Every structure is written in structure tokens, then in C-alpha cells.
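Sharing a structure, written as C-alpha cells. Questions coming.
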């Protein structure tokens, strides 16, 4: 399985590079990201300012370094929260059939009925911008997708003969759920988690671009792009550079997701007869 | 066969499957009576889809019955639940038909075999370890197999490991739902021989479900034939 | 077949009920008192008594469930309230703006279907070869492109330096090319990836081996045998792709200044115009649910077991 | 006219899987004569299906094949494009599990249309030929069957439709891969009758891959026994077996007393260079492990063992 290992290596190197540069930003950044020097506004890359300066003369390099932190962190937290919520509801709906299943499925359908981005915009818009409103919007819109997929996985595993065998051996529901059902579901859930983190980063970026997520003084890639909209004719690099960073981050996450998915299906190709 | 103590009984069991989208064959049981005496190998034969496996699942209390009851050593247990059932659950064990999916694919076989002890709150004492060693030699399973995963082991070995897992709980009844029909002829022969000498050593009683007439004649003391959810002729063959 | 439809209709009713509930709750959550806001437009500071009067008039003093029923009754009669900003009925404004979003959405949907299925088939047919790797790389890239950044890049490249396409405004096809590409790119990437993996899954199935043994050529094997089974999940995916398109249209319409319901929602947010936002959520929710039901119905019809039922010859 | 026989020389098939290379077929040389029904029996994992698929060049992507397969004079494994013309027209396949070998979302008519295309008939004639085919296989109202979807047919019907598809262009050779796997006793009898009726349809030579000895005994003129990727014996093996494995295999049957074959004795490398059964053979001598046993016996009944035959 050389292909997936190769992909895995690139993805991990890219991701660690971005995350490290984000974490070490305070020491790496030459200037304070929010310090304004109106004198040197809109300069191209030069010796002092490696990536040039933006409309308010702030150093682009340090803003780029700080730029990734907020969205990655927020995306991870949001996805973990919505995954846990989704798993709890999905497993309950899948394992305990009957009324519990019907009620939970209907609730999931309601939340899935409303298009994700529109609901997110509505929530962020009404509650006003800010980190925790953004977090709430992200979790409310994405847990339904998780719970639907987890429910189908639970139904699939519950019907496996070895689960029936264990039940015949006298295993209690908790052991069946915790020690057998969930570990068997983990590989698919991990793949789902990686793709969902990627999607959350995208949603955060779009909301911040519309001014509903992270607010201007905060150095974030999408906020930088939205600020630079007015000057895109004169200083295009203000748009291109932060965009490229975001693209690399998303590309690495997607690559990681693909590599994990290939890794999971490896066993299927074993020779059945032998 | 003098009248031995009845160990497992089922009295006029009826079970109707609604023809929901999921269920292809409507396989219902119409007031089935079955008694398994101690130390007996009872064969249960019939075409596929006649209700053999459903009856087995009802006896194991994996499926609720519409009416009728299951008796364990004379006491009705259909209504009971929780810890009164512990003796029953430990006493009756089940060996499934499909070898490749009777173990959790994510766990090493050694762990899966030992795990049921924890279901009955039994610690992994020295006594149990010795008992496991004895069983491994009886079932001719090499120690190294316990370290492997289910997909790295052949069908015959998996069935023997399933037997080992069941026998570790010192059961009194084994319900074998076509446990050897998926195996090759030579492996089946070996499995039957092992089942035979296990029966003497641990004086177990078997409910042996199969659709292979010759195998049933050879192996079972008494054979019951089922057809579309009903028992045709009780005890046609007494050898 | 009847069983499926009944189940679908029941869940449709519940989901629509849920959407109306969500829209209503969003209305309640809005900060500030609607009556006060309505009065204090134009810098006039209303006295508490006047606010009380307006509240009774707007029916805000009764408990929430009763308010909900009254609100639902008004909504069902088509009255989505009046927008604070333009004080015109929200229904009117939405009706003016929906055609543009629908035009954009349907173009993007068509492009997604064609691209998704075509590229998916090509990638699966040449599995492991060069084309397959290029397609997979392309899918990864198009899924990692943030929509607004990609749109700005397109404008920079095509409008500014090359000057081929207009940056904004609403007119003929030329105005729709860039917005549709931005919307359709991620959607067709997801569709192509699902198409490829579901086709590869079909290649492994015994009936495909039997098809090869019948002496069929490669085209017949893939298109006539594998595709009819592999396309069902892709069609089902089209259902929630529409959700993505509706969401994406918000960004695309703001960047390309297309007066659709997406940009209407953004204006409503900036202008704190809550009835408009409520109307937006209701409309998008209902459109999305109805279309997904339609798509689910189609994907069910494709499966002969459902279409023909279970009778045994 | 005399049919073309299948000549196979030193054929071996390796599968590249994650844990390295696995040899499923190990240097098989055999002649399947035309005009005869040859049975290929063996336990699961002995490589009989792989051999069948290798002949039809239907091996999965991660399999590598070397050695020669000749059909009459034409060699099968070099010109795979030309073989596409042979598949279906000259050599037909009756696939393994009937319920999964029919395309669930296409009608029986579509399957038969595809199978009959090589004959180059016009649409109307093809429809009539399809009807005649189904009638030959015991369907009394073929029109309804043609319009039906696979899930509407019972197990037996699906099997007969598959036979009809396999013999659509009345090919010379038919390879039936485990036709009775997973079917209960009545269905097995039905399959047996269908396969026997193939002879009347003008199918002269057939290779039946199965682990069901009953089917092999009633249907086949000659039977080859396979173990560990090699053919150890071929001929009238069921009535007077020569090879130690065949003898042990037959003793393990319930009707002969269920005597199990001895386990692999410890300390002996399982896949020896010499005879594949050496590790479990009671009469194995050191020589059995070094050299490949010679072919003994005549064309009608030969065996590969040092002291048998």
C-alpha cells in the first residue's frame, strides 16, 4: 500500500509544519501582528517585511503565522463536540430500536432538513459575531450528519453474527456497546472526523469572511482576505498569500483523510479463498 | 436410553415473523415441543428456512417467543431476567454456523476466548489458566493461534476456538447451529471427533442442527425432523 | 412501494414542522425587543407605554406556544411579516429574489451532475493509471479551495487581467459563468469521488465478473452493468448537494453582487432585519426538504426491488 | 467435428497481498479432453476456482499468472484481446452464487441480449432465440421470465437462467464454478439435472469445479483431485482412489466413518518443494519433500505420487 503511505507522509509533514508555525508564532513572528505603521502601508515583500504589509501597515508574515491558530483550534473543538454528540445520539438510535430510534431519527432529520450554511449564518447573524456563537452554530449544524452515519454503522455492526454470539454468551449491553460496537466503528469515524474538520475550517473561513465569525482586529486568514478585498487591484498578494496558507491546510487535511480511508479498506483485498 | 433428567425443554413454542420489508422468508414456528435429555446428542434436521435456527435462538433466549415457554432443568425461564438467568446463560452455549464472523475482528483471538469469564464476574485466576491449557490441548489449538486476528486463521481453527470459548464457561448444553456445514469434509471429520470425546469428558448434551442426513445418522442419538415450522416425526432414529 | 412513500411523507411533515419551529425560535432569540425596534426606527425614542401598546398589538404578551400558533397561521397564509429595513412584506422581496438563486442553483446542479458522473466513471475505468491519479489530485484540490478565495482569484484573473467576464451584475450567461464554477467545483468533486468509489465497489461484485464472462466489451461492462447500480448513491448525494449549493450561494451572491436570496440574507443580518432572516430560513429549509424528498423518491425508483415490489414469480 | 481440448502446462498463479506473495496454483500440468465432463474437486483453499478463473483470464488485478494454457492450438494467455471473442462464444462460464451473479437492476432480457450479441442476430431473432433458450431450461412461460428482475426469481430459477446465459451461443466448452455451493439438497438435484441437460443443448465438453462429491460422482466422466494448488490425481478417483490424499479425503466422508486426516505434524515446513501432501501423508518419505513426484499411470487414470499407482 505504497500510495497511501506516501500520501500520509506528505499530509503529516504539511500539517505539522502549519500547526508548529501556528503554535510557535509568538516566538517566530518578527513584529506584533496588530501593531499599525501607517507609514509603510501596502508595501510589497521587502527585507524588513518578508511578506510585505497590509492596508494598515501591519506585518503580513506575523499575521500569517498567527492566522491559522484560531480557525484550526475552533474547527477541532467544534468537530469533536459535534462528533461526540452525534455518536451518542447515533449509537442510541441505532442500538435501541423502537420508540427511541424513531424519536432520535426524526430529530436528526429536522436538524438535517435545514441547509447547514444557511442555518449557521442565521444563528451567527442573530446571536451576533464571536467565538462561542460561531462554535454553537458549527455544532448545531454538523452533529446531525455525524449521528446519521454513526446510526447506519451501529445498525450494520449490531447485525454482525459475532455480536449475537456475544449476547448468547451473556454479555451485558454496556460491554457490547463499549468494548465491541464502538471499537469496530472507530476506523470509519476517524476518517469521518478528518473530513469534517476540513469542512469546519471551510465554514469558519466563510463565516469570518462574511464578518460573522472572527472579528477584524484578530489576525485570521479569512479576515485578512476580506479586509484586502478593497485593495485587490493594487496589492493582490494580500489576497493570494493568506488564501494559499488556508489552501495548504485544507489540502493536507483532505490528503490525511484519503490516506486514512485507503488504510482502512486494505483488508478487503485479502485473497478470500486462501 | 433410560429416562434421564430433562435438561432443556421448549413447550408449544409459536413464533410468527411479520412479512416486513426486511424479512424474506416467513418462517413461523407452530407449537413446537422439544426436549433435550442430559448427556444426549439430539439432531435437528430440516430444509433451510424451516425454522431450525429460529428455534435455536429462542432456546438461547436471543429471540422472544409469541407463546409457549422454555424450561431449564424443569423451571420456566421465559419470564425471568437479570441474575436468575446467570446459571442458564452459563449453562447453555451456542456455536454459530459462519466461522469467519463468530469473533470480533478487532480483538486478538486470545482476548476474545477469555473475555466471557468477565461477563460472569470471574477473575482470570490461576485455576482458569490451567483449564484453558487443558482445553487447548484437547482441541489441538496451538498457543500461537491465540495471538492472531480472526481473519488470519482458517475456518476449522475458528470453530475450534469458538468451542474453547464456550467450554471455558463449563456449560452443560451446547447448541450447534450447522457448525460444521461450512467446513471442508476432512476438517468436519476432525470437528465431529473432537465434539464426540468432549461429550464424554465434560458429559455435555448437544442440540446438533444440520441439513446433512448422513452426518446426523452417524453422530446423533435421536433425530427430530422439522418442516415449515412444525416437527414431523419425533425421534425417527434411536441408535 | 406504498410503505416507503408513507414513511417519507410522515418524516417530511415532521421536518417542515421542525423548520418552522427553528425559524420561530430564531425570531425569539433576537436580542432587543421587536416592538421597541419597530418604534425606534428613525431615531425616535418611544415611551414604555407606547412599547406596551405595540407589544399587545403585535401579540407579544401571550405565552410563546400561542404566539407560535398565531405566527404559523400567518405564515401559512403567506404573510412572512414585514422587513424592518424596507418595511415591504418579506414575501414580496423573497419572490423577487428567488429566480436568480434558482437559476444559479440549477446551473450549478447540472454542471455538478455532468462533471461528477463523467469524471467519476473515467477515474474508475482507468483505475490505478495516470488519469486516475490526476483526477484524485484534482478532487483533493477542488475540495480544499475555499469558495470565497477561489471566487476572488477568478475575478482577479478573468475580469481584471483578461477582462473576459464581468465581475458583478445580473444579465445573460456571461454573468453566471464564474459564480456557477465556484459553486459547482466542490459539489462535483464530492460527486466524482463517490461515483468512483461506488463504481469500484460494483467492479468487485460477482455479477460484474459474470458480465465479463459473457464476452461484453469494456464499455458495456462499465456503463451498462456497473453504472445502473453505482449511480443510485450518487443520485441520493445530489439531494444534500443542493443544501451545499443553497449555502454556497450566500457567499457567491455577495462576492458577485447577484441579488439572490443569499445576498438578501446577508443584508438582513447586517441590517438586523430579523423577519427577513426568518423568512430566508423558512424558504431555504422548505425548498431544500422538498427537493431532497424528490431526489430520495427518484433514487428509490431506480432500485427495482422497490419499484417492482417483492412478488415472486 | 472433434472439439478442442484444454492443454495446461506448468501453470502457476501468485497473489500479491499485503503479507507478501501467496501461490494459489503451483505448476499444474493437465489436459481436459473435449467431449468429456471433467470434475475438479478439492477442499476450499486448494486453488480449484483460481485454476478455473485463470483459464478464463478473469483473475483479479493483483494476481500474476505464468505458464501456458492452450485451447486446441490457440494459446489463451497471450492474446487476451482475441480471447474476449472466445469468452461467451466458445468458452462459457456458469458463475458461482446464482443470487449474486445476476445484475440486480437489469431484466433477464438484458442479460440474454448481451450474451447473444456475438451471434449477430437482429433484435427480433435474438428475442426468439432467448425465448427458446429459456424454454429448453424448463421455463414454461419465458415471456414473463424475460421481463422479470433477478430478485423476483427463486434460487433454482436464477441458476437455470445463468445456465441459459452461459450456453447462449452454444459454446464448445462450459466452465461451471461451484454450481451447488450454499444450496440445500433439493436445489442441488435441480442443478444436477440442468447441468446434465446441457449435453442435449449440444455442449460437448464441460469443466465442473465443485466440493460436492455427490454432484461429481453423478455428473462427471472423469474427476481431478486438487490439493495445495496441485492436481494430485485424475481419473475414476471416487471408486478406486490411488493417491493417499484422495483415500484420506474419501474416508473423512460421513458415510465412510468420518476418519479425520492427520494434522500437520510439527516441525515440518508446510509448503515443501516436493509433493504438496508430504507434510500430512502417513507414508511420506524424505524423498517426497525434495522432488516433485512423477506422473504415473495412463491417460485414463494418472497419479502423482512416488509409491502409489
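Letters are used for the chains, namely A, B, C and D, taken in the order the chains are written, and counting of residues starts over at 1 for each.
Here, contacts are C-beta pairs under 8 Å (C-beta built on N, C-alpha and C of every residue); 3 or more make two chains touch, one makes a residue touch a chain.
Everything numeric here is computed off the predicted structure, so don't read it as measured data.
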Of all chain pairs, which one counts the most C-beta contacts? A-C
Maximum distance between Cα centroids and subunit B occurs for chain C
What is the distance in Å between the mean C-alpha positions of subunit A and subunit C? 21
Taking the mean of the C-alpha atoms as each chain's centre, how many Å separate subunit C from subunit D? 53
Approximately how many whole Å separate the CA-defined centres of subunit B and subunit D? 35
Specify, in ascending order, the residues of subunit D that touch 2 or more different other chains. 44-45
Please set out, as single numbers or ranges, the residues of subunit C touching at least two other chains. 310
Provide the list of subunit A residues touching at least two other chains, using ranges where the numbers run on. 270
For subunit B, which residues count as touching subunit A in their complex? 57, 60, 62, 86, 89-90, 93-94, 96, 98, 101-106, 115-116, 118-120, 151, 162, 165-166, 169
Listed in rising order, the residues of subunit A that touch subunit C in the complex are 106-107, 109-128, 198, 202, 205-206, 209-212, 222, 225-226, 229, 232-233, 236, 239-240, 243, 246-247, 250-251, 253-255, 258
Residue set of subunit C touching subunit D in the complex reads 128, 205-207, 209-217, 220, 224-225, 228-229, 302-305, 308, 310-313
In the complex, go through subunit A and note every residue touching subunit B. 160-162, 164-172, 175, 179-180, 183-184, 267, 270
Tell me, which parts of subunit B touch subunit D in their complex? 47-48, 140, 154-155, 184-190, 192-193, 211-212, 214-215, 217-219
